[in-house]
Structure formats: structure tokens, C-alpha cells
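Shared between the two complexes below is subunit A, which pairs with subunit B and subunit C, respectively.
Showing the complex of A and B:
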């Protein structure tokens, strides 16, 4: 753990002065990150901050065992930084992103490539060429007489976001899947610089629209930390209720979609509707099926008066009964189990090396859940059971979702029964200048990490968003390796990752 | 098998009676069509304009909201000291022309009219659509998906989302059209055989949504392809989308609903 000594130890949801963060030489910082990860920490964020003199690199590591985070930084003045992706694979996409966002070279990176095909974060030089479109340029290729290549996307067959998938196959067998994204890039992180302003909350709510509550909660906890305030207990409880409703809706949708992909239509069609019923419970809370307007800096935009609480409880029980009836059919159907089991395996050691998060990690036996390990808001008061599975296959990813739904139901009932009294929202003052704060929220896909650094005026000098999908797309590629190309839709659905959350 | 049959009985028949029966109930906090009372505006007050995240509100000659830009966040209503803006529960918002989304007390929303007779004959009972997400956040996409579930079952109206643009009569576009998707959207549009229609769903696809003015986006579907139906919202409720599609096909009049 010697590498960990080089870091400032703190916790998520607490602001620290930027100058208190240890500044190391670039190579030492990179080595310290590798050493710390060897010692059990993991990379929550690793990104650049524009500075007049160059780029400031910031490492945010999560220490799950101690409910803490570790921070360190370095100032880069040259055009290159040393890559450590070969020694610490969970860094690989962060390094590619850093290179792309600041026009740098990741020296020694085993697979350098664009992440989003985006222009540099700070104004590119006038006349600089626009980046090439995603999916163009050189992609990894396997050569051989009987090897063939399959390209899919960006426009896919379903109602789904765009991405490009390039398979290197030998017959049915997939040797390698390369995933190229960036089609959904719309400049979220660039536009957040200089905030908070009247658009900030909308950028947060639409970072990944199916995770409106998750991202908005992460952003608001960050703003509150920097302003030295916190959501009142009742407001925090309402946010947690909305976050669990978001999880129930999406897990139900995913289980239905998995059933659909193996041709098991009863669960597919029931869950399609039941997912909507969970969304309607969110709308009961705030008028929007996706929770728009509910999470606001300082607390919740809406209260839950007694009559509404009873409607919500009744609706929750009714909908969950329907969900149970639909989903339990899966485990009893041998044809479904035959397709789920042993398909798309991600071994535990690979899940750890890639830094997977959320249900995808837990399905590979990685016992990791921010609601227990780094609890914020109402999760400090209500304990959360963590569901894991060992096999790392599609079945495990489905099963973990169902177990999480049961845990969410228990959490919701406990929280609704003991809803704290008082106000739901408090005013939020100015943000502390020259500070940094990190927030960690367990969204339905996994770890949502937001990091903000303020300037001398208390405006965002940098706002970093790490959607769980940023960690997990590599897991999907791993799941396909050695598998069959016809299993791709099923594997893809079992991860159900966000394109827009990755592309920002 | 017994459990399957029992589950089937438990789940029951869930397809909405709408449009022959009443629409599914909307929650009391649902934000549908805004209601404006310009007589309440105080001279020189710009509180609503200043909080609007997408510059959707204009005050001259009187308060008006561009529903194409509106995120339905209701910050304007919260900021207004006089109650000149309130949010009603009317889900019907879709229009045929972009400029019709500019609403004021003077000018009511002109709800979508049906396609012309020739297109109606072609698409009225069979409309196949290809969905393209171009920078969308997956909220509009998710609620487009909902229309195909058994509760909404747009198959009842002959509307189906298809996998290939070659099989489609038109496109549903969501998202502000990221520059990285501009070419793919254009190619998908070109791959649809004429005559074809385009439906822009959500604030992003209409005017860019929260990404209005970003150099990374084209600023909506209309910047790349011609649009026949505009469905505002962030995201629009599935009922708003369905209302727009049924109006486009001229199927609401036949169900006895007056406009």
C-alpha cells in the first residue's frame, strides 16, 4: 500500500482545497496510481484540468474497504504523459480520453484510439481539422485466411442509441470485438465549465436520460459539498426513493429485454408494461416518468405528502407483484436458462482488472456497491443488502438484477415508513473557490462518479462525469471474446450500457 | 407451464382502450401544455426569461413560449411572482409546422393536421418507422419503445418500428443531432424509399434541447432532414407521441375525438 501514502485521504461528498491535494511529478503519480490499485484501490476518475501552464492531471481513487477516496495530482507541461494502461488495464480508457480531450500523447499505450471523436476540451486552434468520425480510421484487425470481419452500426436494428461494433470472427467464434463510440457526443463536459448556471441541472439530467436521478443526484451532492451544505433528511430520502424507483424500472426493462432476446415472450411483454408502471410511480412523485425536476441542488423539487405516499406504496406493491410474477418465470424455464447460463462469461479477475462496476461487476463475484461502501444521503441511515453472483455470465447479470430489485423494494418500504419530517429543500449558497469535491452514487448501471474543481470565483474550472458505462464497455468486449457472434445481442442486453453517458 | 398460465391470468389484458375509450390517467404533477396569462405580467419583469435554460420565453409583444425549445422544467412558473405561467395537464402538443410551437395567450396551439390524401391512403393503416437516435439521452428513445409494449400497442394502428430504413415509410428522430451522427442520419433518411415522413420527437430533436447552441450538435432534426411532425417535451409523454402520430394519420377524428 505504499503508493497510497502519496495521496490525500478524504471521502466522497466533502470539499477539499485544491492546494491540499499532493502534487507529484507526472511519472510518480502514474506509478502511485498503479501501486495503489495493486493494493486494492480502484480508479474512479483520472482526467485533466485545463491550466494556463499546461494540463493538471487529477487522480481520484476509490478505497472501498475504508469508505474513502484518495486524491493526487500532477502538472503536465509537455505534449505527452506516460501510459500505465498495460500494468493497470482499468486506466486504458481514461488515458485515451485524457489524450483526446487535451491533444496529448499517451506514451506506451497499448491501444491508443479516439474515445469519442471529440474536439479538444479547451478551444481548439483556429483552423484545426474536425476530428474524424467515430468508427473510421484504423481499427484492430485479425488477419488470416478464414478470418472475417463484421461491422455493425452506428444505426442498429432496435430503438437504441448509436455505436459501432467491429467483430473479428472465425466462423461463429468471436476472436475480438472492438467498440467505437462517440456518436452521441454533444459537449456536456465542455459546457459545464463556468457553471453552475441555469443549464447545469439539465446537463446533469440528460447526461444519461435513463439515469436522470442518478446523475442529477451525483451532481447535486457535489454542488452541495462545494457550497458547504447538504440536502435536508427528507429531501435526501426522496432522492433515494427516486433512485431506487429508477433502478426498479430499468432492471425490469432489462430482464424483459433479455427474455425477448432469447425468444421468451411472456416475460418480455409483461416486463415491457411493468417497466412503464414503475416509471409512472416516478411521475406520481414529480410529474415526469424519468424523474425530471425531482433532484435539485439543496434537496428535492417535490414533497411527498401523506396521501401521495400511500398511493406510491400501493402502486409499488401492485407493480412489484406483477414484476415478480413475470420475472420468476425466467428461472423456471429451461430454454431460457440454457441460453443464459455460460453465455458471455467475464471471470472475476478480469472484472477486477477492467475495473467493472455495478451489476456487471457483482455478477462476476466482485462485491462492490457504493450504497454500502460509500453511502451518501439517505443510504447513511438505511443499510442496503448487496447482491452478488459468481458465474459472471448472462444468467448472473440477470439474477443480480432481480435480487437487487428485491433489495430495492425492502429499502423503499423502510424509507417510506420512516420518512423524515421537515423541509425537502434548502437554499444553496456560492461554491467554495479553488476547491475539489467528488460524489459517488450507485446508479442502476453502477458507479456514477462526478468530480468538480472550482476556480477563484467559485465557478466550475472543470466538471468530470464518469458514467458506469465508461468502465463497463470493456467488460462487454471481454464477454464476447471466444463467444459466438450470434450471442452478441444477448450479451449486449445483459450489460445494457449507455452510449450517451459514455459519449457525453 | 401451470405457472406460466397462472402468470398470464394474473397479468390480464392491459392494452389501453384509448383512443376508443378514455386516455390513460396522467399524474396530477404532469406538466403538459402551459397556460399563459399575459395580463398578469408586470411591466419590465423578466424573471421567467432569466431562469429559462433554453431561451424559450419571449415577452414582446406579450409573453410567449416556444414549446419546441421548452424542457417543461417549470422553472418559469416557479420564478413568476404573479402566476402568469401555470402548467396544465393537456398532453396534446404535437404540430405539423415548427413555428406553430410558438404559443401565447393570443395564439393557441394548432394541433397536428392529417397528412394529405395521397399519403394518408398510403400510410393511414400501415406506417412503418425507423428510429434514429442522434445524440439523444435515451429518455425519448425509451418512451418511443414504450409505444410498442402491450399497454400502448401501436401495432393496433398499423404503426410499427422496423429494423431497417429500407423497410420503413419514415423516420423517428430523437436527439439534437450530434455532428458525429449527422452523416448517419442523412444516410438513413436517404435509404428510406419515397414518399417518406419524418417525426421529430423531443426538445432536442426540435431545437437542440439543453444542447441548444452547442457546436457539437446540428440543433435538431430539421437541420438535416425535412420534418413532418414535431412532438415537444423532455421527453414527451408516450400519450403525447401517440396523439401526434394518430393526428398525422387522421385517426383521431375517426375515433370521435373533436379537435
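Showing the complex of A and C:
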């Protein structure tokens, strides 16, 4: 019996009753996940839900080939669960998180370190040791006279988020990079339990500030799915417009930052300004440069009148022309290309094994984009071209971003030209009780997965957010292996991952 | 030599360096489409650092505090061996170019020693990089000096730098161009500029020179910056003499050419920094070897 058959097949954006999700024994569920991943599915979320009888484990797998998701669950009563991280590396961080959030032991996990050093979601057993502070405890260590260890952070020289990076080096060469996060933990998932309420949307918008639209869209699609409604076409189109503007702004900022990291000033200076111009287009849409207040359960908080729509289209063309002239300088400068090419390579098989998502995965030749594979909202009506590259290096990650910007521009023009008529927002009723829904949104950084389970009263019993950064930090560590320590900032920028999005 | 001449020489040597940083910054800003800070901003920055509190790590010893002072002293002393356009060098003797090269090396030795003194893995890494690249800039510099000595028939830096003028300059253009290219690379490497190092970066893992002085603060850091600026001026003057022979004309004309020439080299550095990305750290030795070869080949050409 193949593992995939043990799952409930459904699609993202559709609520299912909890009792419909097959409940398997814990070990069988773990094995089924491994078998399914061998068969081409991948782990979108793998988490625990506190139940009176123990911990309910929920597996959400994405089936990109069939535009579907696969669900299964198991109830764990003991203090340990069997780890499958060695067979299925993309599980490793999910298992560590699960162990940490419920005070469990991942039996057989190759590197069972805490993920965020946060207290468990459930009350810890009496006498349980307090969680260690982030960045403390044993780190992986290479022994030897000629090996030296470099620790960077959590306080960094630039205005960036805190995280600790520990390099095991031989001269300039990196043997191993261990990334320890958790400094940005705010308890967002815990705070969302009991919702949705008036605070919910603000928690969603601030899950990762640079992905306001992405996370808010994922959350709202989830709430709409559980309420059995959907955003009206015009509202969905406005959300998609905001999502693509967010992508344009962030990709521009990233390309500028990449140029800055190699000391190439022309692109670096101009992209900083152009990113601001793209953010101003978001402000044109809803009054907030980061899109706060635009995405609301049931649709969009703002409409777009014809006059503003024309201003948006004109501004988009103007800004994109500037972006093109600044960014194309990169590909034309041999000194920049020399730095980008062959730096920080993530081979395709490693990208697949680690379950990378978003531009980082596509740069390693993984043809995966939720806007095409699991289309929701306005993406159902319009096909989205997917940009990939084969080399998996910094150049590929930069190039994929630029190609995505061009695709976003085409999508924006098509959507703005044929904006559906009608209302922008519909009322959202009560959520279905004892149900589960999954939403998948391709944010600028990659796959944003939100999963919610409701209780008998239709309130959130558990809200799980998987930011793309959660998948991709492992990719950064892989990219550095065997590379030069002086290339770390460049590699880091080419992934540009979120610390707070990881630490939810 | 009159005392007044020495004072003028010292005055130029001590007061001009921050202006060069201002000119480079202004050039880079223009390329980036910005106005850029005022030309005198580096002076203000140094004044600000001088007023700041000094924090000394408990693990450091006297070497840590001594190094920035020595960096300034060695750079200024190296400047005393070099003629400043129409002004003669206050110190001049046969073989003084060796003193010049090793004054710079002495400053570097103490900067690296101070970096190791902190015990920080960053600073040790930076010291390793700095020293690892310096052993390639040194032969390049010496080949350049040998070429100039061959051209001038003198072993005094003053005569060596003043020789390339008139017919001699025209006759040996190719050799001098090779020397100038080599010296420019040495200048970019020694003064931690793009494409070797990026003086503007905040990313400690990519730094070479800056990472060695991360633990210096306040007045000591001001001295580090100031010493680096003096070194920049001294190497700038070296290059300027090869490129602008008219700067050695006595009187106001020569002075004008000297100032313009020195600033032009600063603009040139700014242009290089604005139009190039940094080299991969592993490729830096290749660039420095190119400088060695360039100067060495000039010597071969002149040795015919």
C-alpha cells in the first residue's frame, strides 16, 4: 500500500471536517509522510495540536503535480515520537519545532537542537527544565588544530534582525554553518488561538512585516475557506495586485542589496530609491506603503477608482523603466557577474531534499510556483509564467528575481486592464466548527502556508503559520558549505530570509 | 633645508589627507545620483571621533593602543621621504625607498598585532587577510621603485619620482604606464579600496582592513582612520608624480599641478570604486600578481 493513499486528498482554500482526516498510528503517519515525499509530494506543514488526550500531529503535504494537498493526522500519547528527518531532510526543522513546542523527544533525530528556545505551547510537566536561551547550548563543532570557529551575531553591524551564525572554518573555507534563531519570537501562533477576532488581521499582517500582503492574504483565504465564502472577483484581483507590487518592491530591494554587497554602487543606489517608488504604488492602492489595511477577510479594504487606477498604471510603467535600467547594469558588468556566478551553489537534489520554496528553489531548477501549481484568488483566472534557473548560485537567485519582476509586470498590467466589476468585500460569517483548512500563497519569498483548526465553537484551536523562511534557512546553510566565509553576506542576501517570520 | 619648508611639507601631509576622502566620497555620490556629503565631512568625522569616549577591551594590552599611533607616525614619516610636487622631501638619502616601503610595513605589522591582541576571531581573520595580501603588494612596490631607479639613475626617492619628466617621460611612456598601473593597484589594495576591499561595507565577514580595527573606538579609531588617510595621500602622491610630471615644476604652477594631480588621483579612485564590483576574496591575489608583473615588466623594458 503506497503512503500517498493513506491521506485525505483535497485542495488548499477548502475547509474539511476534522473527522474526515484519516487518523493513523504515529509511526505509520511518519512512514507515510516519508513515502509520499519520495513520491514527489512535499511537506507544507507538520505540527502538533494540543488535545486533552495528548498531542495530535497533523501532516499537510503539497502535491504540486495535481494542484492538491494531502492531509493526515495521528494522536500521540507518549513523550516521544519517531523522527524521520534522516530519511526525509525537509522534516528536520518541523520535528525540532514539534519537539520544542510540546516538550517531546524526537527519537532518532540527527540534530535535535531547539528551534527558537521558546517555552512549550502547553504547560510543561512539573520539574521540566526551563528552555535554554537562544543561541546557547551545544552547537555543532568541527575539531582540529587548524579549524577555527567564527560566531556572528545575534547583534549585527547593519540594521537587520538578530540571529546567530556559527561558522566552522578552515582558513577562508567554511566547513559548516549553523544558524540559530529565536530572538524574534513573539508568540504570534499562540496569540491567534481563540480567534478570529479584531486583533487577528493585525497579527497576520505583522507576521513578517515585509510580507504584509502575503501573510494577510493567506490568513484571509483561510478564514474565508472556513466560513464557506470567498472574496469577490474584484477584491481578489486587488489583493493579487498588492501581492505583485510587494514582490516588485522586495525583489528590487534585494537586487540592489546584492549589488551593494559586492560594492557595485550604481545599481545599489538606484534600487534603494526604486524600491521606495514601488512601495509608494502600494500606498497609492491603500494608503500604506507596506499594504496594511488592504487585505481583509471577505475581500479588500479598499476599492480602486478609475482615476487612481490610471495613476497606478502610469507609475508602474515609469518605475519599472527605472528598475530595468538599474538592474540590467548588473548583468552587463563582468565584475558583478564574476562575483555572482558559482557563489553559494545549492544543487537541485539538495533543494528538493531540503524542501526549499520560492525563488531560492526555482534558482536551483525546481519548477515550483504556487501561483501556477495551487492557484487561488485572481491567479485562477490568469496563467503565471514561472521563472527558473539551473545553476543554483547567487546569480541564479538574482536572475530569477528579475525574471519574476517582468512576469509580475505583465500580470499587473493584464489585471489592471481587466479589473472585474462588482463589490470588493463580502461579509464573512461564522467559521465551521471542528474543521481544518489550509491556504497556500506564493509570497515574494516563497510559499506561505497557513493552517487552522477550529474548535466546537468555530474558534481557532490551533493556527499554524509556515513562512517561506522556515524552509529556506537550511538552504542558506547548504549554500555556504565548502564556500568562502567572505561570501556569506552575499549568499545571505541572495536568500534574504525573514528572522521574525521564522520565529513566529 | 629651511625649517619653514619642513613645516610646509608637514602641513600638507597632515592637513590634506581627509580632503582626499571627501573627494572620493563626492565622486562616488555623483555616480550614484546623489549630491553626497560636504568635502570637509571627513574632517568633521575625525573631530567627532576625537571627542568620543574611549572603550578599551580588558583582554587587550598596550599594543592595542599603540598601533593606531604608530600607523599615523609611520605614514607621516613615509610622507617625509616623498617630495610633494615642487616641495623637496625633508629626508632624502640613497636607498630611502627601502625605508619608505618598510615604514608602511611597520605600520601594518602593528595594526595586525593589535588585531590579534583582541583575540576576536574576526580580527584574527582580518589580520590574516591583510598580511596575506601585503606580501604581494610589497614586491610590486619594489619593482616599481627599481624601474624608477633605473629610469632616473638614482636611489633617492626624490630623484626617482622627479625623473619622469620631459623627454624621459615621453620616451618611456609604456614602461611608466605599466608602473602607474601597478602602483594604482598597490594603492587600491593598501588603502582598502574597491576592488580589493570595500571601505563602505558593514559586513564584517567580507572586510579586510576594517575588520582589523573593529574593536578600536573613539580617539583611537580616529587615529586609525587618520593614519589610513595619510597613507592614502602618500601613495596618491607617488602615483601622481608618475602621471603628472608637470607637478614638479618649481613655483606656483607646480603647486597648482600638484594639488590638481593629487585630487585627480582621488577622483580616479572614486571612479574605479563606482564602476566596479569588489573582487572575490580568492581572486585578489591574482590582481596583486598582475601588479607585480606590470611593474616587473616595466623594469624589463627599461633594462634593455
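In this section, the second predicted complex is superposed on the first by the 495 of 504 C-alpha atoms of A that agree within 3 Å, B and C clash if a C-alpha of one lies under 4 Å from a C-alpha of the other, contacts with A are read in each partner's own complex, and residues count from 1 in each chain.
Going forward, a residue touches a chain if its C-beta (ideal position, glycine included) is under 8 Å from a C-beta of that chain, and two chains touch if they have at least 3 such contacts.
What you see is a predicted model; the values in this text were computed from it and never measured.
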item	value
Room on subunit A for both subunit B and subunit C (clash or fit)	fit
First, second, both or neither for A:38, with subunit B first and subunit C second	neither
Partner chain in contact with A:269 - subunit B first, subunit C second, else both or neither	both
Touch count on subunit A, higher of subunit B and subunit C	B
Vertex subunit A, arms to subunit B and subunit C (CA centres, degrees, nearest 10)	60
Contacts of A:5 with subunit B and subunit C, given as first, second, both or neither	neither
Touching partner for A:157 - first (subunit B), second (subunit C), both, neither	both
Contacts of A:148 with subunit B and subunit C, given as first, second, both or neither	second
Touched partner set for A:202, first subunit B, second subunit C, both or neither	first
Contacts of A:183 with subunit B and subunit C, given as first, second, both or neither	first
Touched partner set for A:20, first subunit B, second subunit C, both or neither	neither
Gap in Å between nearest CA atoms once subunit C and subunit B share a frame through chain A	5
Contacts on subunit A seen with subunit B and repeated with subunit C across the two complexes	157-158, 266, 269-270, 273
Subunit A-touching residues of subunit B, taken from the complex the two chains share	3-4, 6-8, 10-11, 14, 26-31, 50-54, 71-75, 131-146, 148-151, 161, 163-165, 175-176, 178-181, 183-184, 188, 204, 209-211, 214-217, 234-235, 237-238
Partner subunit B, residues of subunit A touching it in the complex	116-119, 130, 133-134, 154-155, 157-162, 182-187, 190-191, 198-199, 201-203, 206-210, 212, 253, 266, 269-270, 272-273, 275-276, 279-280, 283-290, 292-293, 302, 322, 325-326, 328-329, 332, 498-500, 503
Contact footprint of subunit C on subunit A as seen in their complex	148-152, 157-158, 171-172, 259, 261-266, 268-270, 273, 333, 335-336, 338-339, 343, 484-490
Contact set on subunit C toward subunit A in their complex	28, 31-34, 121-122, 124-125, 128-129, 194-195, 198, 200-206, 273-283
